[in-house]
Amino acid sequence: MLRFIVRRLLQLIPILLGLSVLLFAWLRALPGGPAQAALGERATPEAIARYNELFGLDEPLIVQYLRFLGRAIRLDFGTSARTGRAVTTEFLERMPGTIELTLFAMIFAIGVGIPLGYLAARRHGSWLDSTSVIGSLLGVAIPVFFLAYLLRLGFAVELGWLPGSGRQDVRMDATRITNFYVLDGLLTREWDAAWDAVLHLILPAIALGTIPLAIIVRITRASVLDVVNEDYVRTANAKGLATSTVRRRHIIKNALLPVSTTIGLQTGLLLSGAVLTESVFAFGGVGSALYDALFARDFAILQGFILMLAIVYVLVNLLVDISYGLLDPRVRVR
Amino acid sequence: MTSVLGAPVLEVDDLSVTFQRKGEKPTRAVDGVSFSVAPGETVGLVGESGCGKSVTSLAIMGLLPSRGVKVGGSVRLEGQELIGAGSRKLRSLRGAHMAMVFQDPLSSLNPTVQIGTQVTEVLLEHRDMSKAEAAAEAVALLDRVGIPDPRRRLKEYPHQLSGGMRQRALIAMALACSPRLLIADEPTTALDVTIQAQILELLKELVVDTGTALVMITHDLGVVAGLCDRVHVMYSGKIIETADRHELFAQPRQPYTGGLLASVPRLDAGRGTPITPIRGSARDAIPWAEGCAFAPRCDNAQDDCLTEVSGSVVPLEPDGPGRELRCRHPLQYPTAPSGATALGAAR
Amino acid sequence: MGDVKRRRIDELAARAGQVPEGEGGVSLTRSAFRRLRRDPVAIIGAVIVVTFLVVALFAPWLAPRDPLAQTLLSQIRPGLIPGSQEGFPLGVDNLGRDLLSRLIYGSRQSLMIGVVSTVLGVAAGMALGIIAGAFGGWVDTVVMRFVDILLSIPGLLMAISISVLLGQNQYALMIAIAVTQVPIFARLLRGSMLVQRGSDYALAARALGIRKRRIVFGHVLPNSLSPVIVQATLSLATAIIEAAALSFLGLGDPDLARPEWGAMLANAQAFLSVRPELAVYPALCIIVVALGFTLLGESLREALDPKFRR
């Protein structure tokens, strides 16, 4: 198992290198080049020239790339033209919010999706089955940001049941330790702060989790339908095992294999969706920062955030691969 | 007749299975099948694929899906009626009193669960054992079915075992609670020839040692010759001939049985003797209600094989001591039977 | 990265070569088409798609008004946008333009973005896939590493990067969406070609002395296409939804002369509490069209791949 993990880690190196080349090239290809990217759109030609000289942008590309790579390894992506703060600091400060949001979204998607998909399969052909099939088709067809707006309009603006923006009530004056607001609240025993953060997470998490939910329902359903017809389930029944044992050990365990693959694939969608959802709910995570940076054409933020998000995505996929290896002994040996 | 060692373990009486899919007309996969198996006896159900032999076994075990399937008749295990019994009751019998070994050992084992767990779960379900006791028993079981180094194998997964090992493991699971009845559905079809022989030998030993009643489902006459005491030949959902193994090989009466035997190449047939296959395929069967289902492929068929002409469905009738036959124009033999003449007549 | 993601795509590819049992005599395409025609899901999907295509084609004849003409401006004031009335079945937008006409004309641009970006993505992806699948060896390794790198960037972030690079116009939008689809198609086709290349018939053809190029382009490639066709149909839906997302992020087509559902939806968010219909109708159009392509794609998959049938 350890060798499996090490091998996967080694495979990451060329991918990360390739990513850095792409993003380096991207910044070079931008109209105005990196100097303008760093100084902002209103930079004077003199300032640009000074910047170019200062950062050696007149040197050969390969030297420049190596320098960029050196800084990237130290997670130094320069400073934001808009706020003047280091990109990495900005990212690390905001990432906990996005992690909280994606976690809640995933908990929602998995917690509802797997049981629903399982029930739909076991009651194949029932109204529950058809409803979940139709629902899962609709779920992937709705633009995320529109759903987010609808939820906000309905439950926050009209009904006023849940907060519709931010990560926590500003009047909360909660103590910050990790920037995971829910976790901070629990650590400092400020229960009201934790609860308030949870309330703020509900609507964005539902909006963000809807696509994964739809996909998980569909895959679970199809997978359970496949597995119940497998020979080994018949064997389990022939052994006279209790229904609960057959269900847990022989049906669900195997049916979850393709589902776990899908869950890994969803992280990409979640990170993409977070940009849209967070900006609708002014959530203050990485996504809404990207949205703001996009409108401000804050290229340092864009470059650094995209690279770091890609790394997060790659790492999450690695985790999924490893957990897949734990679930399915056949993968481990390969 | 061979060893009847007491009251039969399994009595199947007029078993029928009908598949009814929505919007399609029902098909009868098994029709009026009756037979019984005594302790220590091995009974073969023989026929081509699609003749209903596997469906029969699943019906006995109560493993057919409840939706779209109608099972009729009676199946008694040690006197208890199984048809119509509750699912809880059936679950308590399956694995404990009756067990089954399937055709494809790889797909019949759960790929994500260790062999050990798959063996012990039967013990834990049906016998009052602790986990440690069950594990010890599992080692003994694997050892008994001839798996070397059983302690290590317990921790392994199905894909790490060879085909023969997997089938041995499945047999170990089936035998875990010393069932009175074991059904083996084509247990050797997916295996190499040398492994086939080993598995058959193992099954034979187990039957002798434990007195388990064995129902052997196969299309392979070699398996029948090596293992079975009595044989029921099935065609298109019905039993068409029943006989003692020796008699069946010596003097098959149903032309279908004769054809099956004749289509097996034999060493003693002499060079140049052609192998004679049966014409057509099992798909060419006609419904029994219209006549003998085998008639379209039969060399002996005559007009009265059809219900239209004879006025009645071909019945299964006694045919000498211990034999039964469903045929109006069976193969005939001179009074002193021998293998050679039987084959001659079959051609 | 994404070993699992890769595996998932390869799985789809591996399923491609399976011929349904008992249908050996009929060509795969024809038997697939026959199954499609009997599948109610496919019919619903096809009806939706064809309807919208017809609307897009005949937009100038179907639209009751000029989608750009600003009328009823006098009735518009903050907090009030006139709804349905005589001559304006769905009312007007915040600039007084007839909503129905804009929706009808919008189908042109939205479908065009979907189709063009998918065609571009499929073409580029297939080119890479064919190069990798046909040559094998180090070419395969290099191409696939590149594809893996592209796969490691979440789709929307990739589209954002490309859009920012190319500036704001409809072509940039199409290319940005296309690029996100390239790696998927490259992997899919290459995986599917590998399966076909290793199959017995390809081996038999080689044993008969048929030239490699002929085997690849005459047999392997045509037989590898079905998962690509399925994925392309599904991608049409994704592309239209993604276009809407990019519009929302301010990366859409700035040319107001071309109404487009995504841009209309993004624009309408500001008036959601005044007149939600402005957002609901374009959203419904997007949802229904996406649904149509998805239904069609899923039933295509089932028709082409017997194992997937449910």
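First chain written, first letter: the chains are A, B and C, and each begins at residue 1.
Please note the rule applied: a residue touches a chain if its C-beta (ideal position, glycine included) is under 8 Å from a C-beta of that chain, and two chains touch if they have at least 3 such contacts.
Since the structure is predicted, the reported quantities are computational estimates derived from the model, not experimental observations.
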item: Furthest chain, CA centroid comparison against chain A; value: B
item: Chain pair with the most C-beta contacts; value: A-C
item: CA centroid of chain A to CA centroid of chain B, Å; value: 55
item: For chain B paired with chain C, centre-to-centre distance based on mean C-alpha positions, whole Å; value: 53
item: Centre distance in Å when chain A and chain C are each reduced to the mean of their C-alpha atoms; value: 23
item: Complex contacts: residues of chain A adjacent to chain C; value: 8, 11-12, 14-15, 18-19, 22-23, 26, 29-31, 137-138, 140-146, 149, 153, 157, 222, 225, 261-262, 264-265, 267-269, 271-273, 275-276, 290-291, 294-295, 297, 299, 302, 306, 309-310, 313-314, 317-318, 320-321, 324
item: Chain B-touching residues of chain A, taken from the complex the two chains share; value: 230-232, 234-243, 245, 249-250, 253-254, 257, 327-330, 333
item: Partner chain A, residues of chain B touching it in the complex; value: 61, 63, 90-96, 99-100, 102, 104, 107-113, 117, 121-122, 125-126, 157, 159-160, 170, 173-174
item: Sites on chain C touched by chain A in the complex; value: 1-5, 7-8, 145-146, 148-149, 152-157, 160-161, 164-165, 167, 237, 241, 244-245, 248-251, 262, 265-266, 269, 272-273, 276, 279, 283, 286-288, 290-291, 294-295, 310
